[in-house]
Amino acid sequence: MEKTGFPLWLRRHWPGLVILTLMSLFPFLAGLAMGDPAAVPPEIQGVGRVLALAETGRAKFWQGMVIQMFILAVFAMSYDLLLGYTGVISFGHAMFFGTGGYVVGLLVKHAGWSAGAAVGVLLLVALLQSLMVGALSLRVKGVYLAMVTLAFAEFFYILAEATDFRQYTGADDGLHGIYPPPFLSPTDHRTRFYFLALVFFLTMYLAARRLVNSPTGRVMVAIRENEARAAMLGYNTFVYKLVALVAAGVMAALAGALNAFFNLGVTPSVLSVATTIDVLAMTIVGGAGTLTGPVLGAAIVHLLGYWLNRLFGQTWVLLFGVTFILIVVFLPYGIVGTVQARSWRWRAVWRERWRRIKEGRKFPLPS
Amino acid sequence: MEPRIVLETRNLRKEFNGLVAVADVSLQVREGELHAIIGPNGAGKTTLFNLISGVLPPTAGKVLLRGRDITGLPPHQIARRGIGRSFQITNLFPNLTVLESVRLAAQARGRRSLYFWAHYRRYREYEERALAIIHQVGLAGREHIPARALPHGDQRKLEIALLLATGPDVLLLDEPTAGMAAGEIPLLTDLIRRLREEGGRTILLVEHKMDVVMNLSDRITVMHQGRILAEGTPAEISADERVQRAYLGEL
Amino acid sequence: MKRYRAFTAFILIVGALVALGYGLFGPQKATAALLSGLTLASLYFLLGAGLSLIFGLMDVLNFAHGVLFMVGAYVGYTVFGNPRLILNTAPLFLALAVGIIAGSRLAPLIPNRRFIPYLLALAGVGVTLWGIRGFPLRPLVAFEPTTAGGAIPTALAQEPLSRMLLRLGQLALAGLLLGPVAARWGREDRRAAPWRSLALGVGLTLLAVLLLLGRDPLERFLLGLSVDVRFFLALVAGAATGAALGALIETTLIRPFYGRPITQIVLTLGLMFAGAELVKFIWGKEGRPPMAVPSLFAQSCRSPNLLAWLTERCSSIDVLGRAFPTYRLFIIAVGLLILVGVALLLKYSRLGMIVRAGVQDSAMVEALGINVRRVFMAVFALGSALAALGGVVAAPFVGVYPEMGSIFQLQAFIAVVIGGMGSYTGTAVGALVLGLARALGDTLVTTGIALPGMAQALRASPAVARASTVLMMAVVLLVRPAGIFGRKE
Amino acid sequence: MAALLEVQDIHTFIGQFHILQGVSLEVPEGSITALLGRNGAGKTTTLKSILGLTPPREGKVIFLGEEIGGRRAYEIAAMGIGYVPEYRAIFTGLTVEENLRIAERRKGDLKRKADFIFTLFPDLKRLYRLPGGQLSGGQQQMLAIARALVPDNRLLLIDEPSEGLAPILIQELMGAIRRLSAEVTVLLVDQNFQMTSRLADRYFMIEDGRTVRSGAMADLLNEPDVIRRYLGAVI
């Protein structure tokens, strides 16, 4: 008996729902577990106390960690649209992330725009930028593309660092003082910012999932598998790769904007190769070609960076680089990728056995 | 009444570093016919297919589809104009299942491939069409197996299914029986025959297996060293002395 | 015919650049800019040649190439100015290497269980860390490099010999543990004669011990040598380090992933990142001023012409009334020498023949009974050596700093893309075009661009010129996606 | 007569495709053995598997009494196997001389063999300094075979030598292969059944990645049905 409607939906999605509930409750749980009771006036009680606790001590810090993970997860998912779903190796993804930060930064700080208007303009800028970069770099393939995208990213990195524009970009000091509207301030109202980041993350996750499951997404996967064959079926592969690149670029730019608001500023380092390596590491650790993989990867890499930094201080960047190399060597398909491949093969074997049993043939089961 | 010419090449020529692979081939394929191209290995048959389907640009000459010049168009545009092609060497999406692959091919025919906001399941027509074609080529029951896990013969069938799902009116079949077990070949020839009778499609076929060719074709062109050696009905060709010498053998 | 067209394009571009230079700045400034352009082109070529050869032969894009350039520069700089650092660290590496060589011989004795390599690797890394723990790297690095005849001010930075010998033992032990892992990792069953590795091991051990025992007299001896000899030693040491690192990278990170290009690329990208961090870790975040130049370029005067310069040994030479540093002529000469040398090697040696054949079809070369992977390693080492040599040559010109790797690599990438990936001629051409364009761009942005109707000329920093080369690459890609001399797929 | 080469039930995967699913064959010393089968049956892959270019995942390859499966291609080749691949994979950027010289395993190989090679293929002497890319298809084929003759090989694997050659050249090629077979054992793959049937003493038939028949060529010629079934050729 096939269940239909809501029960089926529930049955299929319960793990996601559990995770979602946990994520929504996280600030309050963190507040109860790690908040600093001394920092909250005793007269505040009940729900109000839990809320206030969440804004104190380590609870606030860990909310910040999770916010950063949400932002990085979106960034990593956007990269995976290219690498994992379309098979395009871009080494310039930091360019979009940095653009997000710098565009809202310039508009909010120097033009005095509101955060919302700045993000609106950013959407347009990111669209144009990714269209142009895509139109140029997608003319070449494979390692050429990797090289060309890296060059484009370095172009923006050099400009951000150049002393010529110090009065706007702050050159190598970065652009500081990018404030979101006061009621969303990440310093005063971290829990609110947490929910902003959560909603942003969920929206982006659903959007990305819809894209990869759309007719367009199917063509992207076909291009990854065998681009020449996809073209022989009648698909203009350039257009689909461009769609993937634009979607990835806009998503990364939005993540970059939120990152700038959370950190109240940007530095040229968001445009550097290190940022691209971070996102590459997240995608590969989690598993390219899945959406949950990069999310998991973002969480792991961010935590790893935090712990390495605490344990080894300055040297952590070097250790992170070495860890990255080890991960690529020993986990080429990532965590989710490896698990999926296993369970998938398993399912295929059982499906075949079931078919044979149903057909009533007396085949010996493959052992 | 003279049947219409669907596909035509005019003095088509291809050189690779000075080596002439296809030398001034002028070919006319009539609507609804099954036109076979035979010839020894290296005669330029596959190169000819590559030129027609846009995989390679010709050095000189023209390709016309229903009188319109399609020379030098990129492969995807040629495919969209109704020329579908199968490959001699298996050329599939290794990690996609049979159903996913065929659905992609069916979707290629529609105009909804850039609808990135909708779930692909919403367009049932592609899936239904894919399932029908999977059934037609004899792959029913294997919808959820990825292409790389299929036995060779089934991969050939999937190749044909991909081709059919794009709904072309001109089919270029490059050695569809290559590497198939002898027992499976009749199924495939049946399929090709049905395709032609049902859909009124035009088929251009490269094949080595002479009995398949003699059985199916309306017209045969013999190529040798990049040139057309002879053309005619199966009876004419098997009687032609030059063909005997160059290809069929003198034993 | 196609080749012809590429050649015409090249002549046209270079001609246009030269004409533009003379039109904008007049002969004086333009000639100086063009000579600077040749200097840059020479460096880009040294980097790009290796990139392009490696890519052409084995389809590997080495993102760590800039790191090799930088490491070459740093090693050369150190050999030149602070031999004490080398004398105290080189024996450690040698001990580790000896251990690994001996250990890889022991590989067949290790039981074939899956977890054992991991265990050994872990133990090996642990012992390595134990062996280098507390090593006084900071004070050893801290010395400013000295010029001719100088001395390193204090002896305190060095550890006592006994402690150093203990370290050697520890690292040799670590090597022994890592050896079997390395042997299995390489997946190459070594059937070479055992005496070879024995000789190598004994030789390296002797070298390590000698270096260490004689570190004080050696240091005095090295510092007492003339600047010219030390400069030469720096060139040799830099190139040798580059070759050794290249061979190491090829065997450990490239070879095992043959046939998985994405993994290879991602790994070299990781190496690029880790390498830059490693250089920062060892030598610190701050750069150093340009290295001293050999005596031929050292006298502070200006020679009127080339002949006079050879006798006067001036640091600059008169070019149409303007001073031009003579050391840059040396850079140009090195570039030309390597250009011709590698071309001859490719054309006339057996290795060159194999490389030319391998670029077309490496599987067929292997089917002829040639160990292609050894050729791959040789080419990787050669390319890396060229890059490292470029680094040493660049050190007296631009100094050394941790960002130099990525900065020069980016320009080399652009040069290679413009010239056509995998083509040796293309690389030379791309380097030339880019070098000239960069020099003109630098002159242009620093002297200022006066557009009509503007009161003041628009000035910018050289960073802007550096960024603008990316735009140039974009233009070339639009016109010819495969580069000027590129092969179309 | 001992078998020079023995292949026992090899399975080879290319990427994720299972191409050879149990190929077995034996090549006796001093013979010409033909490997027959339709396009895509796995003949080329069999040759590449013997040589280690596409190493088999299962099964054994025994050459000169030694198991060579799992060894690197260059080691196998250096044991004395020459390979003449499909599509005449000569090096187009190298001259004829360089194409031959690169195959030397010991210094002086080319000098010793030059006479033998030039008697087989007199054209090559005239073209000695020309780049391989400027040779005609037939000349390239000759060069590819000559290249395999430079070192002292015990066995030649020749893949589709007649492909794209004019009938007159095929005659010449057959003569050359027959003459060289006096010196070296040959395993021959060719679609041109006219040619293989006249040259070879024995045959192995492959279909769908498996060996399905084998025997003396003379016997096969008496079985037109078998030929039609497996090769589709008309006799």
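Note that the chains take the letters A, B, C and D in the order they are written out, and that residue 1 is the start of every chain.
We adopt the following convention: a contact is a pair of C-beta atoms (placed from the backbone, for glycine too) under 8 Å apart; a residue touches a chain by one contact, two chains touch by 3 or more.
Just so it is clear, the structure is predicted and the values come from calculations on it, not from any experiment.
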Smallest count of steps, each to a touching chain, taking subunit B to subunit C: 2
Centroid comparison with subunit D (C-alpha atoms), farthest chain: A
Selected pair, greater C-beta contact count between A-C and B-D: A-C
Centre-of-Cα separation between subunit D and subunit B, whole angstrom: 31
For subunit A paired with subunit D, centre-to-centre distance based on mean C-alpha positions, whole Å: 53
Approximate Å spacing (C-alpha centroids) for the pair subunit A, subunit C: 35
Length of the line joining the C-alpha centres of subunit A and subunit B, rounded to whole Å: 43
Of all residues in subunit D, the ones touching two or more other chains: 92
Contacts with 2+ other chains: residues of subunit B: 94, 149
Chain contact graph, described as a line, ring, star, complete graph or other shape: ring
All chain pairs that touch each other: A-B, A-C, B-D, C-D
In the complex, subunit A residues that touch subunit C: 89, 91, 136-137, 139-144, 146-148, 150-152, 154-155, 158-159, 161-164, 273-274, 277, 280, 284, 315, 317-318, 321-322, 324-325, 328-329, 332
Subunit D contact footprint on subunit C (complex, rising order): 350, 353-354, 356-357, 359-361, 363-373
Residue ranges of subunit B touching subunit A (in the complex, touch as defined): 53, 55, 74-77, 79-80, 85, 91-96, 100-101, 103-105, 107-109, 112-121, 123, 126, 141, 144-146, 149, 162, 166
Subunit A-touching residues of subunit C, taken from the complex the two chains share: 55, 59, 61, 63, 253, 256, 260-263, 265-267, 269-274, 277-278, 280-281, 406, 410, 413-414, 416-417, 421, 460-461, 463-464, 466-467, 470-471, 473-474, 477-478, 481-482, 489
Contacting residues of subunit B [partner subunit D, same complex]: 17-19, 40-43, 88-90, 94, 148-149, 152-153, 155, 175, 177-182, 208-212, 225, 245-246, 248-251
